[in-house]
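Going by the order they are written in, the chains are A, B and C; count residues from 1 in each one.
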């Protein structure tokens, strides 16, 4: 079952344009949204949330139209942007009182237990918290009304590996329930390698590909060698090349390359770089 | 020869202190500087640059005291912070005009060539540039006086992988010269895995390790299994233990462990997590 | 040092542009209502205020943590601000005085001597203001520093009323107009002394400042 469906989404924002964006997030899976700054990741998430009004296309969440059932859907959505958008002078206790009134299923007990688990002070005002604390609080806030779908827009940007690890743990815990799903945009693709099931790559306002993470990492191979050796690799296998100082690197489809060539497993980051720069 | 040498550096603030920081950065190498937010990376870097005044300790750059020979040393240092600290109404062109007068070895053609390569319009004001553009401008400025030492404090934070790749390429080219050195602090440890020769890990104001990267990644290993199975691991092999949702993980020293145990190579990130969150056995 | 002055001039360029429009407007006023000396006064004070603005820009952009990585001593960084002060106050006076004198050829409402003494007094006042404000801004930052400056400027102005009253009561009289004029010519040179002292204090504050 698809929890989130985006079909032929188009949106013009000044000079920039989202064109014909289509992808689905299946129930029980995590989708990683990757792409350069300004590629359109945040705009897509804003369109899904109806914060940006789409020009055309269809977006359904839990099988319902995202604009028509906006408020109903929000009850089951948890949202984290790259910053904690709450007034600076509030404490977690204040936020609990406010959110109780916002969400029908707000779970104060769960909220405070998560705060404890992540060493977030109940009494500190948001403005005295470090960036890591604020982002942890943002995730805890997004989880405490027991949402079914999490939309995360660069939640780990600027955080250190230890805090990122804690956040990923929290998200993995959330995914233990099979009815839960996540859409997760991030620049730190190693985080996505740990948690995502599928990867959608946005480039210049268009979807370059949507693939399962495993097929990305296992179907593609990275080959390094001299330019001369490179001529022996069939051209239809080559997806991208990057000439370096000492030789050349190729991103290839494994199925078209003989086993005689030693191939390394690429990272998502390398696949991105090859797709954008090594065409 | 050392490019940076730090001995017993102390610096205290009301709520935080750097204690007994010592490490060396050898000429011709890249040191990756890792640690949590607030662990003391920026404080250490600012002490090296004398932007913060150390309480005590010895810091030498190219063999000279960093305070006594400050002005002379700084001719050869390029600094990139995680932001571009120039008044935001300045344009690239204007910045070039006064930086030109500051450094003896400032190279205007190189500066404009870098801007061109990065597709930055020199007549745009700093405030009109995107974050990625700002960082590229900051790096162009740091390169344009032909420094021997680059000190980078989170220069790639918040940038996408493609831009990061471009920037790392530039650093790699810089390192082709054997006289060049980089001290590079970053949260994105995969960047450091690509470029660093040594890794220094700072935690709560103290150095946990300062080690050759290959030694770190080959000497340590990660073992996964159930708590029961862990009993078979030799005591002296276990460095840190973490209990997760899916079982127990141990950071082990390879040399104390027999080949029959299934182990995998750690990443710098995993090492950091083990050393800060793991329990000592 | 020239480089740092250049940086500040570029940074306040935008402000200067709007200042030029403002001064053009004042010039018109001056022409029609015959207030030439006032225009010169405004220009000098405006120039002095730009120095304070340059501190605000530095603070907003966290410039100092970068400035201190450059091959320039802390002393020179401070010296550049004082040089900028002299440049902006004297510069604006030098540009505007000939214009005002030109108008006066038509109006003949004041003598060149009068304008000159007024110019001296106002530059002295600008120097005094900067001598106090630069160390204060360095010590307390531009936010708190500004509050402090208000206090420093307004309290004496407020009390000057009382003082003149007391002076009469204790039969202390102001010196003659002639002496005042003489003093006025000397004022900017006297004020260079507090400015020099201020520089030493600022250099001391900045030498131990952290960013």
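What we mean here is this: a residue touches a chain if its C-beta (ideal position, glycine included) is under 8 Å from a C-beta of that chain, and two chains touch if they have at least 3 such contacts.
Worth saying up front: this structure is predicted, and the values here are computed from it rather than measured.
Between subunit A and subunit C, the least number of touch steps comes to 2.
With centres defined by CA atoms alone, the chain at the far end from subunit C is A.
If you average the CA atoms of subunit A and of subunit C, the two centres end up 55 Å from each other. Subunit A and subunit B have Cα centroids separated by 26 Å. Rounded to whole angstrom units, the spacing between the C-alpha centres of subunit B and subunit C is 44. The part of subunit B that touches subunit A in the complex is made up of residues 34-39, 130-132, 157-166, 176, 187-190, 244-245, 267-269, 272-273, 276-277. On the side of subunit C, the complex with subunit B involves touching residues 2-4, 6-7, 10-11, 13-14, 57-58, 60-66, 68-73, 208, 210-211. Contact residues of subunit A toward subunit B in the complex are 34-39, 130-132, 157-165, 169, 172-173, 176, 187-190, 245, 267, 269, 272-273, 276-277. Taken in their complex, subunit B has these residues touching subunit C: 46, 49-53, 70-72, 74-75, 77, 79, 81, 83, 85-90, 94-95, 97-104, 126, 151.
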